[in-house]
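Going by the order they are written in, the chains are A, B, C, D, E and F; count residues from 1 in each one.
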Amino acid sequence: MAAERPRATVRLVEEAGASGKVAAVFADIKATKGLDFVPNFWRALATNPDHLEMVWSRLKAVMHPEASGRTSRLDPLTREIIALAVSATNGCAYCVNSHTAAVRKLGLDPEGLGEVMAVVALFNTTNALADGYQVEPDVLPPQD
Amino acid sequence: MAAERPRATVRLVEEAGASGKVAAVFADIKATKGLDFVPNFWRALATNPDHLEMVWSRLKAVMHPEASGRTSRLDPLTREIIALAVSATNGCAYCVNSHTAAVRKLGLDPEGLGEVMAVVALFNTTNALADGYQVEPDVLPPQD
Amino acid sequence: MAAERPRATVRLVEEAGASGKVAAVFADIKATKGLDFVPNFWRALATNPDHLEMVWSRLKAVMHPEASGRTSRLDPLTREIIALAVSATNGCAYCVNSHTAAVRKLGLDPEGLGEVMAVVALFNTTNALADGYQVEPDVLPPQD
Amino acid sequence: MAAERPRATVRLVEEAGASGKVAAVFADIKATKGLDFVPNFWRALATNPDHLEMVWSRLKAVMHPEASGRTSRLDPLTREIIALAVSATNGCAYCVNSHTAAVRKLGLDPEGLGEVMAVVALFNTTNALADGYQVEPDVLPPQD
Amino acid sequence: MAAERPRATVRLVEEAGASGKVAAVFADIKATKGLDFVPNFWRALATNPDHLEMVWSRLKAVMHPEASGRTSRLDPLTREIIALAVSATNGCAYCVNSHTAAVRKLGLDPEGLGEVMAVVALFNTTNALADGYQVEPDVLPPQD
Amino acid sequence: MAAERPRATVRLVEEAGASGKVAAVFADIKATKGLDFVPNFWRALATNPDHLEMVWSRLKAVMHPEASGRTSRLDPLTREIIALAVSATNGCAYCVNSHTAAVRKLGLDPEGLGEVMAVVALFNTTNALADGYQVEPDVLPPQD
């Protein structure tokens, strides 16, 4: 009954006990991302192995295109910056933590992080204003 | 009483009739952005001249740093991509329209736009999952 | 198959054909709000009469406390300003339209509306920043 | 001044000291939900007894229709699944915790929870894409 | 320069001119969903064929599990109700339109739709309250 | 590797070691707000001094208009109530904590806070309903 701090709503799957589809995805996550542990996010998803595989295969395709021989118009830092912008806008703490660590690892220093946050914050302002005044589009976007 | 489609909730300030602070900001917007008209967004804000000036000066500083002799770690396309990511996440139609036009003007083609959307969409998924499972952070972000 | 503009996803209940619970709520809405028509919002809810009654009785209690002999610490304009702040933050077009009309009717002029929007926009910025940096609380709120 | 972890912003009303309207609602919550304690959510709302009564009576009518002799087209598990979908989408930690406990109690196992999350996550993706591309409706919804 | 109503920010790919991966996905969408046209959503995604395939394969797996020989704990109506709950919470017009049509097709009548909306609306209220009071969890969710 | 609770994603700038632009803004924050410490929010922003100055000058202009000799149509309590309404709607914990403390300091008691939350909660409901039914506007807002 006593108030305790929130924790994950499912029992995280232990790496040690994983087998089959889960073990294969866990191994691929560590190899693709160069990690020596499986992040909690994936350990939570592993409670439903099909879903784990689906989300990982999509994340791998979008964020690690080189792993499937695809080239991307966006460099890795830009992709992580988009992830951080979405996470800060949604207020997702786990995601902000994770993508901040990623942009730092890719070379963005705290002042550069501040620039990203400045842009994110600015457009959360203009979004509220455009919606709050119901402003109509000026010009149509290019279509070709 | 008949249903009509939404329109801006304030009368947009006409460029022709603007004077003082409003005229000065309108002129600066057109010069800084290389436009030959004032977008509706700014014409709506102009109903409160102080607010117009405040939002414009912040947007100018963040999005046009070269205009104030400041250098930025982020290039103009990256900044507009962040703006689009925030706008798509918030579902702000005016903003999506405006920032899509901007990224296109800066050289992103429809397939590249699709890559941006793929990243935005992916992290709206992972945000919902991390929040939906209340996943706890794995590692603390770097602090220096 | 041709694209058409969105419209309500249910057939709005006509005031003329309403009976029983729906007719009673419609009459109360018009009397309490001093309107000579029933807004579309309530006509959509009327497709489920129990839900119509539930939402209306709650809105009446919160927004028209004098109708139930209750006094409120908040004046009517403050209550409508909160409604507008929530609606602009959520980007709900119908709601922004409706609550903007209400604050105007209660005496707020376009420049005052600009002040409200300035506060709404500012705190959408600071919310994104506090979440984006995961800032921890400074002080605990008062508890008594 | 030292950073401490967040806690409720009001002093939770103790069950022991409750009287009048608050005591009556507390008793009804425990009886209707089969609980032997009053959840913190209701203890926070009890700082404004009118609001407590309003929210509880609405929740009781929507989530416990049998208590008022009403039949529902939705079974209890479906209703809790909707609550969880809304809470995960909004990123509300208390709510995710509470509705996850409820769906588990109603028989959904961790893999089934994973299916719910898969649907929630998928449509947070498609929502971001439909808004991000401003896609127009294909067909109008049925109206009868 | 004249204000016009928003339209999709990319040129929708015509079904007639589609080839390769896009044509294959378009055909699968129509076959799996029993449609005689390709919804605008997919025609917008088709501007990036890889992304189209990725989103469709995930949606097909989650929403049409029988197509891949998988059984689901959730019936089709429950899955569409979750999609609608997410879409209404996010305020995504295209999505609300589309999923309302789907739940109607699966047999939910307007009054039943009203019940779904009542649950969605109620928990948007309780989410705002739990977050607004920063209520701490009562009990930990089951973990097994 | 062990899970730890989230903390700010940047090292907060110490007041003692601040100099130049940062020291000047810190001093102005304390003087304008009558505080004897610098809140964590500003210490996080200080990792990018330009951004710190930009956000503070905007917040000062909007929330402390008297400091720049401007009069406001909104009193200080109303402004803080808007800030709280936005923060509760966005689910921003730091912000809810901070603005709850502010409204309490400005004289709102817990029951009055309950009234604010009642209005915030109500319109999160109606927003979800208006968006969920795609209700069209009844009347256009005044334009003058």
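Here, contacts are C-beta pairs under 8 Å (C-beta built on N, C-alpha and C of every residue); 3 or more make two chains touch, one makes a residue touch a chain.
Owing to the predicted nature of the structure, the values given are computational and were not obtained by experimental measurement.
Enquirer: Shared touching chains for chain E and chain F?
Expert: A, B, C, D
Enquirer: Could you label the chain C-chain D interface same or different, taking same to mean over half of its residue numbers are used by both chains?
Expert: same
Enquirer: Quick one: which of C-D, B-C or E-F reuses the A-D interface, over half of the residue-numbered contact pairs in common?
Expert: The same interface as A-D is formed by B-C.
Enquirer: Can you compute the centre-to-centre distance for chain B and chain D, using the mean CA position of each chain? Integer Å is fine.
Expert: Distance between chain centres: 34 Å.
Enquirer: When the centre of a chain is set as the mean of its C-alpha atoms, what distance in Å lies between chain C and chain E?
Expert: 26
Enquirer: Chain B to chain F: how many Å between their CA centres?
Expert: Taking the average C-alpha coordinate of chain B and of chain F, the gap between them is 21 Å.
Enquirer: Would you please write down the residue numbers of chain F that are in contact with two or more other chains?
Expert: Those would be 1, 3, 5-7, 9-11, 37, 40, 45, 50, 54-55, 58, 62, 87, 89-94, 96-97, 100, 110-111, 115, 117-118, 120-122, 124-127, 129, 131-134, 136-141, 144.
Enquirer: In the complex, go through chain F and note every residue touching chain C.
Expert: Within the complex, chain F touches chain C at residues 6-10, 37, 39-41, 44-45, 55, 58-59, 62-63, 72-74, 78-79, 81-83, 85-87, 89-90, 92-95, 97-101, 104-105, 108-112, 115-116, 118-120, 122-127, 129-142, 144.
Enquirer: With touch defined as at the start, can you tell me which chain A residues reach chain D in the complex?
Expert: Going by the criterion above, the answer is residues 1, 3, 5-6, 9-11, 45, 47-48, 50-51, 54-55, 90-92.
Enquirer: Can you list the chain E residues touching chain A in their complex?
Expert: Within the complex, chain E touches chain A at residues 1, 3-7, 9-11, 50, 54, 58, 61-62, 70, 136-141, 143-144.
Enquirer: Would you pull the chain C residues touching chain B in the complex into a rising list?
Expert: 5, 37, 40, 91, 93-94, 96-97, 100, 110-111, 113-115, 117-118, 121
Enquirer: Under the stated contact criterion, what part of chain C meets chain A in this complex?
Expert: 84, 87-89, 91, 93, 96-97, 117, 120-122, 124-129, 131-134
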